[in-house]
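In the two assemblies presented below, chain A is common to both, partnered first by chain B and then by chain C.
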Partner chain A sequence: MTVTSTRAKPEGTLPDRTEPAAPRKRRRNPLPYILLLPAVLIVLVDMGYPLLRQITMAFQHFSLEQQFGKPAEFVGLDNFTRVLGDSAFWLTLGRSLAFCLVCAALTMAIGIGGALLLTKLSRPVSVFVQAAMLLAWAMPVLSSLQVFQWIFDSRSGVVDWTLAGLGMQGMAGYNWFSNPLTFFAVAAILVIWMSVPLVVFMVYASVTQIDESMLEASTLDGANGWKQFREITVPTIAPVLLLVTILEIIWDLRVFTQIFILQKNGGITEQTNVLGTYVYQVGLSGGDYGVASATALIMLLITLLLTWRYVTQFLKQGEV
Partner chain B sequence: MALKPSPVRRSAANITGLVFGLLWIFPVYWLVNNSLVTDDALQSRTPSFLPLDFTWAHYETVLHDSRFWSALRMSFGVALIVVVAALLFAFFASMALSRFRFKGRKIIIISVLVIQMIPAEAMFISQYKMIDSWHLLNSVLGLSLLYVGASVPFTIWMLKGFVDGVPVELEESAMIDGCSRMGAFFRVTFPLLGSGLVASGIFAFLAAWNEYTLALVLLSSDNSKTLPLWIQGFSGQNQATDWGGIMAGSTLMALPVIILFVIVQKKMAQGLVAGAVKG
Partner chain C sequence: MKELSRRGLLGLGGALGAAALLSACGEASGSASSDSLSTPAKLRVWFMKDSVSDKAQAWLKQEFENKFQGSTLTIEQQEWDGIVPKLQTALASPESTPDIIELGNTQAPTFCAVGALADLSGMKEELGGANLTKSLVELGSFENKMYAAPFYAGSRIVFYRKDMFQKLGLAIPKTIDELTAVATKIQTGNPEKNAHFSGMFLPGISSQSAFAWVFSNGGRLAVQKDGKWEGGLSSPESQKAIAQLQQLWTTGSTTGTITDSTIGSQPYTAFNTGEAGMFFGFNFHLKKIKKELLDAGKVGYFNFPSPKGDAVGNPFAGGSNVAISNNSKARGLAKEALKLIFSKPFQEFFATEGGWVPGNLNYAAALGQDELSKVTIEAVRNSVGTPAAKNWALVESAKVVDDFFVAMGALKDPVGLAKTADAKMTEILNSK
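What follows is the complex of A and B.
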């Protein structure tokens, strides 16, 4: 990794040490495996086993009867063909992808913009913005959900009141959760509001590692702000940007709690389902575990497809 | 970054920053503000922008609710187990990944990232059955067990960045002085990870504190609810939603996290960046 070696150290607590002790431990040493054992074991029990079960169930007919002991029979790709033949699945998939991409793109754009903005602010304003970011970041998702439902409440919500006050009379008493489009607008605002602080802090932390003298030299060479941003800032913060982008896509595609709880307001669950809530509905509410598992596997596959390019690029850059 | 921004540019940036900050702080302000006004003010069509009709009544309601206290105990119990176990396991694992080159190392590192992609909703059924077969439904232990597995990968990711930052030479010289390898890890490296442990511990805490869906699936009895379940139940239980109570409860739930975040703010972003930059 070039970032740490060519630039000033990130900060006092992290002295530079790029290469782990590489050649010394070539002989078979059991110690690393012993050290990994507890972590690997608990992950295997908690997620490995359920994942295996889930993969098995995806190829079985598995509903409530099997839940109560009837042996499950293997049905090949039946569950997958049923999912892929269901128009509700495709609608949900499209909705999820659109929601994920819009949220991830806006979060990254606002987050990067916010981080760069931070470097240009006078001290008190910068402290204020960082405090605001910190508070938003710290808010538990359930607390945020409650206050957003209140902000967008149709009776006493501040948004409807403000919009009506601005002359949009139709917005007085408008129920945001009764229309899929405005439902997702609120959900996106909430998700973006929650995710931006992490991006701001991470990008800001790595932007402040950029060597001042490099920027000065490039200014003397006549580079303007945009050119500096593209040719110095972006390459420097690239590993961080990649990681955050991967995480944002993963997190936004599997968004569940926010949608699940906002759905309780509207009564239009079918039209507002995303992949996560769809799987939940088919499996836990509908009792069709086989189909739900198949859908979940398809969901995993899509996430891998979406992020694979970034993941490989990231692993190459980090030379792990 | 730019050498000397012109005063005009700087004030334009400051105004943008101010608006940005206000937008982001508004929901937090609105939460606290609305937890402090009377029911009449809440019911009014005109929102109250300042807590002029001030009252502590909503906090009194919440603090006299025994379900709140039981949820608080439950949430703290689960979070405590998760933080301790996840940190310990992740410390061992990140020592292995940072200090050794061994077969399977790369696979472990990739798994840490890929595990994040597995859709949790699909595992609930088998996770439920597993915990049920161990008779651990509705228990602190059952829920913690699953949360530890869920937070260990991310904790390893963060902690490894900090372990990479501690020079291996320190351990080596301790070993020359007669320390065992494990002794060197614990006596030399562990104390130097202070901020890394705090930062990744907080993420584990937060994950446990915030989690809603798995808790919903595993905890059905009334006196084993965590705070997220309690606050969500709060809005459903009465015919007329008690928004004041919900706001007060949500504020109380956010308070410990906000305090933690304020204490260790800087270290968290740095921890994430360290993980990203050092791979």
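What follows is the complex of A and C.
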């Protein structure tokens, strides 16, 4: 609002307004930029500084002694060669990518399915389902972790009890957290459970915006549900799907809390590390901030690579 | 504007992981602290869970605040789990550092070596001098200067169900093999017909308990040869100990696969529910044992046995050091508070309230003359610590040893995994 009122002053005379030169004038006006300044500053200080610091540290020998005041010395690409030469890093990377892709794919599939289902439900049921999802989504991650640990507890957990009751004798007292595969299965269920609601809400919101007449027309033309979904629903809500997919991939790749807490339960840290916990272990626990920074930079690069196609597509669509 | 915010959002997602990592590590600085006693200060003290009793905490706070009017002393209790990373970041800046900190003795060498702590050599005599527990002084020193003073020590002893031993006609084991045999007999006997019964409660995650087997056989976690550290789990002595442990986990204990560290730190729980015939715990765990069991005279304790039965075994030397952060803005007052910690009343609280052996051995007599105290002091006297290596805390936080013993508890290959763990230890311990 302030922008338009100040703009009106220098323009003064009427005919100017219709002239094509107007956009150039808008660019010269400094006010929008001044208004942008606080936000840009916050982003720079909040994210620019740590990022810069991290990039610097990635090229330094920075361990505990440097943390307590010893000057850090630059070592070129040393940290990077050390990370890339560490087999543990590659194993962790593979594990992380697999975990991320499985979680993101399942989350999207379940989320989209749930959203479409919501459109078919009667109003009270739909409201009930949405309320339940909102609760799941709003639950603090530590609380849900605790609940999941109880559910999968080897002594008193309901899962082992049920499976044993169903006749699977080996499952009585089974420790889910002591085997990497079942460890990640539990972690994936938790991660997916927590991120599905957001996908459902966003997809549901955009699906309800689809023009009903278009769907009706397609029904008259003989399109079935799957065809409608593929030819009408998906193209219409593509921007939302893209955005959510990007977010899911980013979130699932840098998953930390869930794995970190479950590791305390599992006791097999090395076989269950993902990139996030690996960086934490090398950097904060291992006191090697230089190598950890280099790893985190590599992780950032991988995230960009993974999402690059989506990001460019997304930006292109955003301009329409 | 729209486009910018979108890009910002994407950047945010990507950079957050990286940024969050670093937001915690502030700028390092070591100067600008005050040694004056006249400027009032708000001292922050970090004690670990289960270390200092409420009574002792209240006493310290009151004494200090009475002596230094206008100053305050606040005790913040910390959890063991994850304390090393927390200390690394908190101690590094004058704004976030607590003034006085308790350090696990296994972590002390690391913090002494990197310049995180104030030099206490000048007040060593005043704190107790030759009466300070020697092994803890060693772990708290670097290049002949003491940075972390002995706080307290403790070692595990074996608790057992007297009634079960009696019923099955068992005697207190004198050797490690006898211990396994006794555990096996109780487990197969299962006198109370309990579905979850274990002869001995010994979770795989509790590596510090398992150290007793290694140390008593003469093994060490790592040894220094010609100035270089080397992992010691592959040594014949350590391998013998692991074979004994895996035998126990096969026939005398069902708890090797327990990987929950919380359950591991409360070994008395299974004992209380009648699900274990023995557990390996600290003397102060006696207070956590169910009253009915104690009143009925069903609880006894003995020292960890040796391989040959000719001596007391060598359990892990648990304990803590106490230090002043080099970045503290009130080092002078912190030193005064440290003097209070090493005064007779506070040291005796360790013995009378906590059941720990106080850092100044002059006051250990306060533990009393009863059987429990005798067994405890014997255990502490024979205890062996983790390597006094500068990087030991890093081995701990990389969970090299923990992961190894969890795998042993699950009866995995001792030779191959010991080799891997040793290589990792060697690498971490020798890195600069």
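Some observations on this one:
In this section, the second predicted complex is superposed on the first by the 292 of 320 C-alpha atoms of A that agree within 3 Å, B and C clash if a C-alpha of one lies under 4 Å from a C-alpha of the other, contacts with A are read in each partner's own complex, and residues count from 1 in each chain.
One rule holds for everything that comes next: a residue touches a chain if its C-beta (ideal position, glycine included) is under 8 Å from a C-beta of that chain, and two chains touch if they have at least 3 such contacts.
Only a predicted model underlies this, so the values are computations on that prediction, with no experimental measurement involved.
In the overlay built on the shared chain, the residue A:V45 is in contact with chain B alone; chain C does not reach it. By the touch criterion defined above, A:Y289 lies against chain B and chain C together after alignment on the C-alpha atoms of chain A. Contact comparison for chain A: of chain B and chain C, B touches the greater number of residues. Of the two partner chains placed around the shared chain by superposition, chain C is the only one that A:I268 touches, whereas chain B remains out of contact. Of the two partner chains placed around the shared chain by superposition, chain C is the only one that A:N175 touches, whereas chain B remains out of contact.
When both complexes are overlaid on chain A, the residue A:W150 reaches chain B alone and has no touch with chain C. In the superposition on chain A, A:Q66 makes contact with chain C only, not with chain B. In the superposition on chain A, no contact is made by A:G167 with either chain B or chain C. Residue overlap on chain A between the chain B contacts of one complex and the chain C contacts of the other covers 32, 36, 43, 46-47, 50-51, 53-54, 57, 155, 246-247, 250, 254, 256, 264, 276, 279-280, 283-284, 289, 292-293, 296-297, 299-300, 303-304, 307, 311, 314-315, 318-319. Residues 32, 36, 43, 46-47, 50-51, 53-54, 57, 63-70, 154-155, 173, 175, 177-178, 246-247, 250-251, 253-254, 256, 264-270, 276, 279-281, 283-289, 292-293, 296-297, 299-300, 303-304, 307, 311, 314-315, 318-319 of chain A touch chain C in their complex. Across the interface of their complex, chain A is touched by residues 1-4, 6-8, 10-19, 21-25, 28-30, 81, 84-85, 88-89, 91-92, 110, 114-116, 196, 204-205, 257-262, 326, 393-394, 397-399, 402-403, 406-407, 410, 428, 431-432 of chain C. The touching residues of chain B, counted against chain A in their complex, run 1-3, 5, 9-10, 13-14, 16-18, 20-22, 24-25, 27-28, 30-31, 34, 42-47, 85, 88-90, 92-93, 95-102, 105-106, 108-110, 113-127, 129-130, 145-146, 148-150, 152-153, 156, 161-162, 164-168, 181, 194-196, 206, 209-210, 212-213, 217, 227-228, 231-232, 235-236, 243, 246-247, 250-251, 253-254, 257-258, 260-262, 265, 267-270, 272-279.
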